[in-house]
Each structure stands twice: as structure tokens, then as C-alpha cells.
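Below: a set of structures, written as C-alpha cells.
The same chain A turns up in both complexes below, where it pairs with chain B and then with chain C.
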Partner chain A sequence: MQGHRHLEIEGLRAGYGATAVLEAIDLSVPRGAFVALLGASGCGKSTLLRAIAGFEMPQAGRILRDGVEITALPPDRRGMSMVFQSYALWPHKTVAQHLAYGLALRRLPRAAIAARVADVLAMLGLDGLEGRKPGALSGGQRQRVALGRALAVEPEILLLDEPLSNLDARIRLQLRTEIRALQQRLGITTILVTHDREEAMVMADRIAILDRGRILQQGSPQDIYTRPGSAFVAAFMGAENLLPLEAVAEGGQVILAGSDWNAPLLVPNLAPGPVELRFRPAGGALCPIDAPPPAAGTLSLFGTVASCSYPGDGWLHRVQIGPASVEALAPRAHPAGSRVRLDLPPDRVFLFAASADGRGAAIGPGSRGDRTGPILPAAQARPERSFT
Partner chain B sequence: MKRLLWIPRALGLGVLAFLIFGPISNLLLWAFAEKWFYPHALPTDWGFGYWGRVFSPRGGAWEALANSVSVALLTVALSLALSIPAGYALARLPLPARALILISFLIPQAFPNLTVYVNIARVFYQIGLNGTIAGVVIVHTVHGLVLSVWIATAAFAAVPVDGEEAARSMGAGPLRAFLDVTLPQAMPGLLAAAIFVFLESLDEFTGSYFVGAPDVQMLPLTLFTAAAGGNYQIASITALVLLVPSVVFMLAVERFLKADVLSRIGK
Partner chain C sequence: MNATLPSDGPRPGPFGSGQPAPTAMQTAPHHPPFRRRAALPLAGLALVAPALLSVLVFFVLPLAASVEGAFRTPEGRGLANFVKLAELYRADILFTLLIVGLSTLLTGLIATAIAGYLTLGQNPRAVAILRWLYRWPLFIPFVVTAQIMRTFLAKSGMLNASLSTLGLADAATLGSWLDWRGIVLAFVWKQTPFVTLLLAGAMAALDRGTIEAARNLGASRFRVLWDIVLPQAARTLMTGLILSFVTMMSVLSVPLMINAQSPTMITADIAFRINAYGDYGVANALGVVSLLMTGAFAILYLRLGLRERR
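Moving on, here comes the complex of A and B:
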């Protein structure tokens, strides 16, 4: 499935005047891959997609398809189909006219168009709706028409701009899997823009995380989830619990210093200085303060339960640990006011060099730094990820 | 049966026009009055005598009607031909001084009509446009552009850009996408602009007088001549004739408008 590089973006910069919306974007998409551009609103992900589609002229950089530069080509000559967040259906055309539009432009014979339209109608479960106009369709049906219009022309590259964000939760989940299955079956190179982490992880086989017009990290969903390269990515991937810790040199080693609310711990690849600890609510084991000690290498935090609720999948506790209030999921409830210990196994702990903007680089065991081996100051460990 | 439904609709529109132009009902009396002298409340003699005079070859009503209608239609065509691209550009493209351009279309209205048209007549006289249909059409278009450019700009601004982008993404060139997607959606607004321009042109007087008269005889000019001469019958009949193209035009446009407006409401 992973063919040669189908779409390549090199040093792309886009924006309005001096304000850059995108900066130095490098992205390579293999043929048949499903790539998700994931980021909060305003991070530039939609601008990137529109630049790929040809609706946004980049200020610098190149876009190549199959090694041929297409940076200056108009959108209608790029061999890409785009599905818009608003669906962008035409209120004066019927479903069948939507599906046939691109085919008629390609001057296909009438019979071939009719056959292809029937195929797409069947493929997307739109049979019987071909004579309707968009006004007479439900949200999910409109989405399917938008998708069908894009797929009918058998594009080489499919661009999806938050295609599911306007739908009800249930239809969204259903279409998510449908689109993924369709993409796999047809083998279309697909780029999805979304702000929904789960959507990106379920649909894509590669995720690029964008922040402030730059790609912070790319990789498989599992890779990014388990090895976030920066505090921002960790937080975006659900590790929103944040605690400040201090790394100190002690006897030739660097350890996480103990305090009233954490036990000291020896951590590999640590540089002395303030450290940000991030972890997910489900990342740790919550137990009474006097429970038997955890396995070696576990980071233990001590705190008091502030509140407890049941959102499903266990009890969600708000625990005051030192200066911070964190969330912790546990299979059983600990009453408010009780003293608890939160044990975080090494692979659930994300440590970052503390930085003012919360976008510090990764260090410690959960980071990518431990692949590089030598213990380096955080700022040098991943220089390409530090912007401050 | 269903095809005859336009008849009640035409009647309805006629009635509406009659009500709106309520004072004009007086015209109706005058149009059929052979004799109407003070202190009689109603004419003492009724008849079609003056109709014959108006529509006789020497009366010139046919010529004036043909001139007025063709000038109005040409004005609509020229105004739309200019305001469709202008409105699209003003609504969609990142033009500098957008507001300034829009306001500049108002400038001809900012000065007294007479001042403007006397000057236009002088210029047209030099370049041989005075006393021609083309000259009158241009004058009416200058007048009509204010309405049509503003309405067209609003119409195009109301059409979402992404529909056009979707067409581009499907492989349509810029013009194709405009014709297939944006223009049909802006059509109700453009037709409204056409109605306004048509009606404005039909009863425009000052410009027609300075640029057209006496070579291009128009209905408002006939009306003016008759009314100035104290001939209320002929003035009234001309005024009634002036109503006919308005109603016919609105009827025609209303047929187009209906399908399009409905498809937009269904969105």
C-alpha cells in the first residue's frame, strides 16, 4: 500500500502579507496513504489543505505530485477532489446532477456517466434520492452527496476538510468508518483535516500535528499517542494533566527530586532544571495512600481527592496534587477528602523541559529522546522542536 | 387548463399595478372621455375617439412604444452585461477601495439630473450620438447602473464561495464554474435588478429629452407634449400604454423568478 511519494510539500509558506499562516511545511504523502492534518482551530491546517487544492497561493515553497511541480496549477487541473466542511452543494442541482457534474466536464459519453452515477449512488447508499435537491436531504445524506461528487470523478487525491464536523455524533461515527473503508477499497491517496483527535486516529494511517502554522510531529497514530514529541502534542493527544517537577543532578545522575507530593525517582535521559510532567487521566493507578509500594520505576504522586464522578468506564476523580488539580480515572471510587497515591508507570509518563509557552521539548522515558541514547540538555535533544 | 393559470396571475398583477398607481385611475376616466367639462363630476361623453387618434400613423404612439420598449430592453441588457462582472468583482475579488468604487456609481445621482444630462447631450452631440437609440440607451444605462451594480453585488455576495470552489475542484474552469454554479444562484437578485432597470428606463424623461428628442420619440416625451398642450385624453392614453410593458415584463420575470427562488428556499 505504501507506494512511492504521491504528494510532496516542500518548505511551504502561506499567509497574508507579513503574517504567516503556514511556515516551512514539509510533508510527504505516499500513494494510497490516508494522512490526517490534526490541530486546533487557527493552526493553519485548513490553509494547508486549500494550498494543496490550489485555492490558496503559497508565498514560498513547492507542491509536487508524482515528482511534478503543481504549485502554480489552478485547482481544476490538479487531479484532486475536495470535500468541503459545509459540503458546498449546489442548491439548484439534483443529487444526480451533482454526481454527474465532474464526469460531464470530462466529456464522458452519456451512457458512461449514467452508469458511473448509478455506481456511486449504490456505493454511498443514495439510491432513490437522485432526483432530490440538497434542500430535501438530511445532513448525513448531504455529506454523502458531497463525498460522492468528489469520488465520482475517480480522483487521484481526495481532500477532506473537516467533512464530519457538522453531523450528529452517531452519524459521524458511522461515516468515519465508511469513509475509511471506502478509501482502503479504492486506494485513493487521502488528506483529512480535522480537529478531532479520535477521528484522526481512527481514520488515518499517518497523522501530522499542526500548531501555529508548523508541523510539530508526524507519525502513525500509535506513535504520536505513545511518544508525543512536545508538551503541546502530549496535551493535544489527551495528556492534559500537568504538574511542575524539578530535575536535579545527584551523585553523577539526574533524578526527579522528591517533594511533599512526589517520591524521588531516577529517570534516564534527564537534564537538570524545571520539568513539566504530563499524563492522561487513565494513565495512572489510583490507590489509598497506605497501599503496598508500586513496582520499581513507577512515579508516585500523593494528593487528596477533591471530587468524584461517574462518566462511564470507571470513576473520574479530581485530585489535588501539590499545586495542581489533575484528573484520574479509577475502577473504584475514592471518597472526596481521602488521601490517595497515584502511581504512573514509566511508559505513561511524559516529561518535558519546562517552557513559558507550554510547548517544551520531550525528555525522559516516554519521549523520543531515549532513542538517541546520550543524555543531553533538553534544548539540544530535539532542537527542531524548540521555537522559543 | 393549468397552462391558462397565467391569466388570473396577469389579472392579479394588473390589479396590483392599478392599486399601487391609484391616482392613475383618474387617467382611465380621461382616456375614455370624449367630453368632460366643469362642473360635471364624470365625463359627459364616452368613447374611443382619442385612442384612434393616438394610434393613428400620425399620432406616433406605436413608434414611441416601440422605441421605449426597445430602449428599455437594450438598457437592461447593457446594464446587466456591465453589472454582472462588476458585481461579481466587487463581491468576490479582493479589490482595493471597494467602497469607493461602489459609491462612485452613485455620483451621477449626486448632481441634479439636468446638469448631468445637458453636459452629456453636449458631448453626445459632438460624437454623433445625439438623437440615436444608442445614445438614449447609454444615458439610461448610466442611470440604471446604480441600481443594478448595487443589487448585483449584493446578489453575488449572498452566494457562498465554496459552491464555486467545489465546481473548480471537480475540474471546471473559472468561467464554467461561474456559469454553472454562481450565476444561477445569483439569478433572483439579477432579475430584480433587471426589473428595476427596465422600469426606470421606461419612464425616464430628462435624459431621453436632452439626448433623444426630437429624433427618438419616446412614450414619456409623447406624454409630456400632450399634457403640456392641455390634451388630457392623449396624455392619459399614453400613460396607460406605458403601463402595459411594465406589467408584461414583470409577468415574464416573475415566471423565471419563481423556480429559482423556490430552489433557494429549499436549500
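Moving on, here comes the complex of A and C:
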């Protein structure tokens, strides 16, 4: 289904006056792909989507569709449909009028419009609501109308601006799979803006992580999840547990120095200096302090259980390890106060050179730099460009 | 939606953080003074009374006296004033309705165009200039507007001079514009900014997304104005036009200065009846007719207001 580059963005810069919201954005979207722009609020992801739609005029750079530049084209001539975060439904129009509006603008015959509206109503489960105005619809129904309005014109490119953020959790879960299935069925090139990691991972087949107006990393959901390129991406992808460690040169190799809270470990591709260890609560195995030693290459951390709760899918422990309080998920409960060992297999460990802004560059086994990558000096700040 | 969030301000409870443990004396609950509510209706009436009295004495009574005066004739109560009015001023009443109606229509059209451009215009400089310019007539009194129009629209005025300079017309054949056209022009010139001000405010308050969604689907800016923006701001436009209609109905200076010949507007007739003949009876009857015309619009306005509040 995926083919040549459908939408391309080259060196895009946007902002207000001297304040840059987006800087040097490069993004390539194949035909039929579902790309998620993921980032915290204020990272520029919505601005990027609006620039693609033609609502923001970029200060520099180009936007191309099928190789043709559309950077300066007005929004009504771009052949893209957008679903707005606020839904942006028209309070004075009925559901049917919403769905028919774009078709009427294309001067389709009345019968063809009616047939298409009926199709979309059925496709989105809106049958029977065609005469209602937005004020008489629930949140989920409004969302479907907004989606239907965008899909009715059979766009080549669908832009979704946080389309599910105003819905309650249950409907959100249902709609995200529905939208994904619909996109797959119709083969529409889709760009989704979201701040919800799980939403991006479930819906998209490619994710671009934005921070402060730049794309930090892009790749498949699994790729970004398992090999985050920076501390920021790791934290954003759920590796919130943070522990400061020290890498030292020893006998021609660089090892993670042992301390009261960790065993020493030889790690390939490590540069000496302060190191940020990041891992997910489910990333390690929690066991009593005197359990049999783990497999080679495992990073062992020692701490004391501070608290223990059951959120489902195992017991969630808050463990004090050295200076840090981390979360660890375990199949059985370890009582508060007990001394424990947390074993992290190499592929669950994310090591980054410690940096002042907390967006440290990747080093070590779990990183994008990997065994063949360059050894990054510890002092280096976050990378200027994504690693992809 | 978030109205139920607790406020950040100090809580009324006696166990606020950082306070010393309460003693037995302090724990007595401090109830708000409910009893004072009982005295409220009287106090409220006392507060409203001066305003109510002013309205009664200075507004309702004179109005009632004026209406009553319309039916007062030398032979006692009767409809003689209205019969005379029908004989003398039937044409003027129609003229007034047509002029004010046409002015209201044109005001609505131009105000929509200006407010629409202010909302949807893409050239920020042009929008800024228009925003700065369009309000000026708001601050110019009607009488000055009429004065401006006299010099602008006279036979040898600026309009004709410009037309002949541009070669669009021959100065010799051009007549004065100071008839019904002059009145309409003065009214539209003066009232358009007022309606635009209201309308542009309402349009600016719309969810921009509703505009962008239509643009995104391929609607031109004119279509967006007509299909999306205007329907959502229609009530405000109606309110502005009704208020404008009533204002124009009450203007004396413009018809008096631009076109006091027959046919002219009711306001000029009322002034003439009083100043030339001291004929308060027919003047009052004309006033009642004017009142009925604006009253119809006032009812429309009130109904719009009611619907808005629902």
C-alpha cells in the first residue's frame, strides 16, 4: 500500500517574528502511511500540522505534495482534510449538511452527494443522526461528524490535530482503533498530532518525536520505543526512572563504576563521565537482595522498597535506590522496608551522557548509537539532528 | 465545565494548614449570616427606587403625555389629528420607511463586507488600515455628517467635481445629489461603522476552527463568509440593524439639512408642525406613527434577545 513520497517537508521553519516555533523540520511521508507527530504541548507539532494544511505560512523551507511545491498554496487548494481538536463543527448546520458541505463545494450532483453522505453516515455509525445539529450530539458523535466531514471529500491526505483528546478514555480507545482501521481500509496518507504516546504507537506506523520545534527522532513505534536516541525521547516513551551513574575508564575499557546502589558493569561504547540511566518500571526483575546472581551483562541495582501498590498487571513498587526513587513492576509483592535487587537486562537499559538540560545524547547498549556507532563524549549535549 | 474546582483562596474551614490546633473556644462553627437575607427585598426596592422613579417621571410620563396629546383636539378627544396626518403626510411616512429601510439594508451589506474582510482578510496591513479607518464616522455627530454631505453632494460639490475630472460625467448635466439619495448616503455613512463594530466583534469571537474547517474543505473566503461566518453572527447583525433603524428614525438634522422639501422624513415634519404652526396635536400623532414603526422593531429586538438567552 505504501509507495513513493506523498508529502515532503524540507527545512521548514515557522514562528512569530524572531521566535521560532519550528526549526529545520525535514519529514517525508510515503503514500498511504500513518505518521504521528508526538510531543509535549508547545513543542510545535500543531504548528507543523497547520503549516502542512496551509494555515501557517512558514518563514523558510518547502512543502511538496507528489513532488510539487505547495508551500504558498491557500488551504482550500491543497486537497487535504483536517480534523480539528475542537472539532470545529458548525453550530448552525446539521450532521448531513456537515458531510455534504465539501461535496457541494466540489459541485457534485445532488444525488451523488446524498449517496456519499449516506455512505459516510453508515461508515461512521452516524445513521439516524443526520438531522441533528452539533449541540444535540455527544462528544464521541461530534468527533465522528468531524471525521466524516473530512473523509466525505475522499481526501488524499488526512490531517488529525489531537482528534481524541477531548473524549473520555473509553471512547478514545474505541475511536483510535476505528480510525486506524478506517485509514488502513481507505489507504489515506494520514498525519496525526498527539501528545499521547500510546495513541501514537497504536495508531501510527511511523512516529516523529518533536521537542522545541525540532524532530528529535523518527522511526517505527517499536524502533523508537526500544531504541530511544536521547534521554528526552526515552523519558517520553515511558522510561521515566532516572538514576545518575558514573562511567570510568579502567584497564583500557570503560565501565559503569560500582557504588552503594549498583554493581559495576562493563558496557560497550561508553564514554567516561557522568551517565544518566533510564529504564521503564516493567523493564527490570525485582528480587530479594540475596537472590541468585543474574545473567551476565545484567545491571543490578540495590535499594529498599518504600511502598507497594496493586494497579493491576502486577505489583508496583516504589524503590529507593541510592539518591533516586524509582518505580518497578513485579509479579509478586515485596513488603515495604525490604531490601531488594533490581536486575535490568542490557536491552532494557538506556544510558545517556548526563546533560544540563536533561535531554542527554544516547550512549551504551540500548541506544541508537549501538555497538557500531560513535562513542559520544559525555559532555556532548543533545544531538542537533535526529539519528535517523 | 470546570466550575466545580475548588478555589485557591482561603477555605472557610477552621482547620486550614499551618494554623495552630484549634482550642475548644475556636471550634464553634461560624455560620454565614442567613438572617440578613430576610431584609433584602425592602433594601433592594430602596436601592432601585431612585432609578425606577426617574424612569417613571422622565420617560414614561412624558411619553404617555405625548401619546395622549396625539388624540387631543380642540373638540375634545378624537382622531382628527390622525385624519389630518393621513391627508398631509401619507407620502412622507412611506418616504421615511423606504429611506430608513434602504439605509438599513445598505448598512447591513457594507457592514458585512467590512466585518467579513476584517475577519477573513489575509493581508494583515490592509486589515489593520481598514480596522483603523472604518470607525471614524462613529465619532462624528449626525449634524456634522449632514454638513459634510451637503458640501460633498451639492451641485458644485466634491462628488460632481471628481466625476467630471475623471471624465465619468459632464459637469453641466450633473445635478445635486441632495435629495433622498443624500439622506441615504449620510445614514449609511454614519451607521455602517456602528453595525460593523458589533458585527466584527461577534465574528472575531467565533471559533476560528469553524472558519478553517470550511477553508480546508475548499470554500473560498466569500463562501466562508456566507455559509459559515454570517449565519453564526446573524443575530448580532440583526441587533445592530434594528438599533440602527431606530436611530435613523429619530434623526432630525440629516433630513432637515439635506432635503427639507416634500417628500421628507417624519422627524422634519414634526419639527415643522411645532416650529411653524405650534400644532402639537399633529406633531404628537406623527410621533405615535414613528413610535409604532420603531416599536415593531423593538419587539423584534427583544425577541432576538430572549432567544439568545435561551
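Simple rule for what comes next: the second predicted complex is superposed on the first by the 371 of 388 C-alpha atoms of A that agree within 3 Å, B and C clash if a C-alpha of one lies under 4 Å from a C-alpha of the other, contacts with A are read in each partner's own complex, and residues count from 1 in each chain.
In this section, contacts are C-beta pairs under 8 Å (C-beta built on N, C-alpha and C of every residue); 3 or more make two chains touch, one makes a residue touch a chain.
It should be emphasised that the depicted structure is a prediction, and the values quoted were computed from it without experimental measurement.
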Three-chain arrangement built on chain A, chain B and chain C clash or fit: clash
Which of chain B and chain C A:R149 touches, first, second, both or neither: both
Touched partner set for A:W90, first chain B, second chain C, both or neither: both
Chain B versus chain C as contact partner of A:G135, first or second or both or neither: first
First, second, both or neither for A:S81, with chain B first and chain C second: both
Part of chain C, among the options 22-30, 40-48, 112-120 or 166-174, whose backbone runs into chain B after overlay: 112-120
Residues of chain A at both interfaces, chain B in one complex, chain C in the other: 53, 55, 74-77, 80-82, 84, 86, 88-92, 101-102, 105-106, 146, 149-150, 153
List of chain C residues in touch with chain A within their complex: 207, 209-210, 212-220, 223, 227-228, 231-232
Residue ranges of chain B in contact with chain A within the complex: 160, 162-163, 165-174, 176-177, 180-181, 184-185, 260, 263-267
Partner chain C, residues of chain A touching it in the complex: 53, 55, 74-77, 80-82, 84-92, 101-102, 105-106, 146, 149-150, 153
Residue ranges of chain A in contact with chain B within the complex: 53-55, 74-77, 80-82, 84, 86, 88-92, 101-102, 105-106, 133-136, 146, 149-150, 153, 159
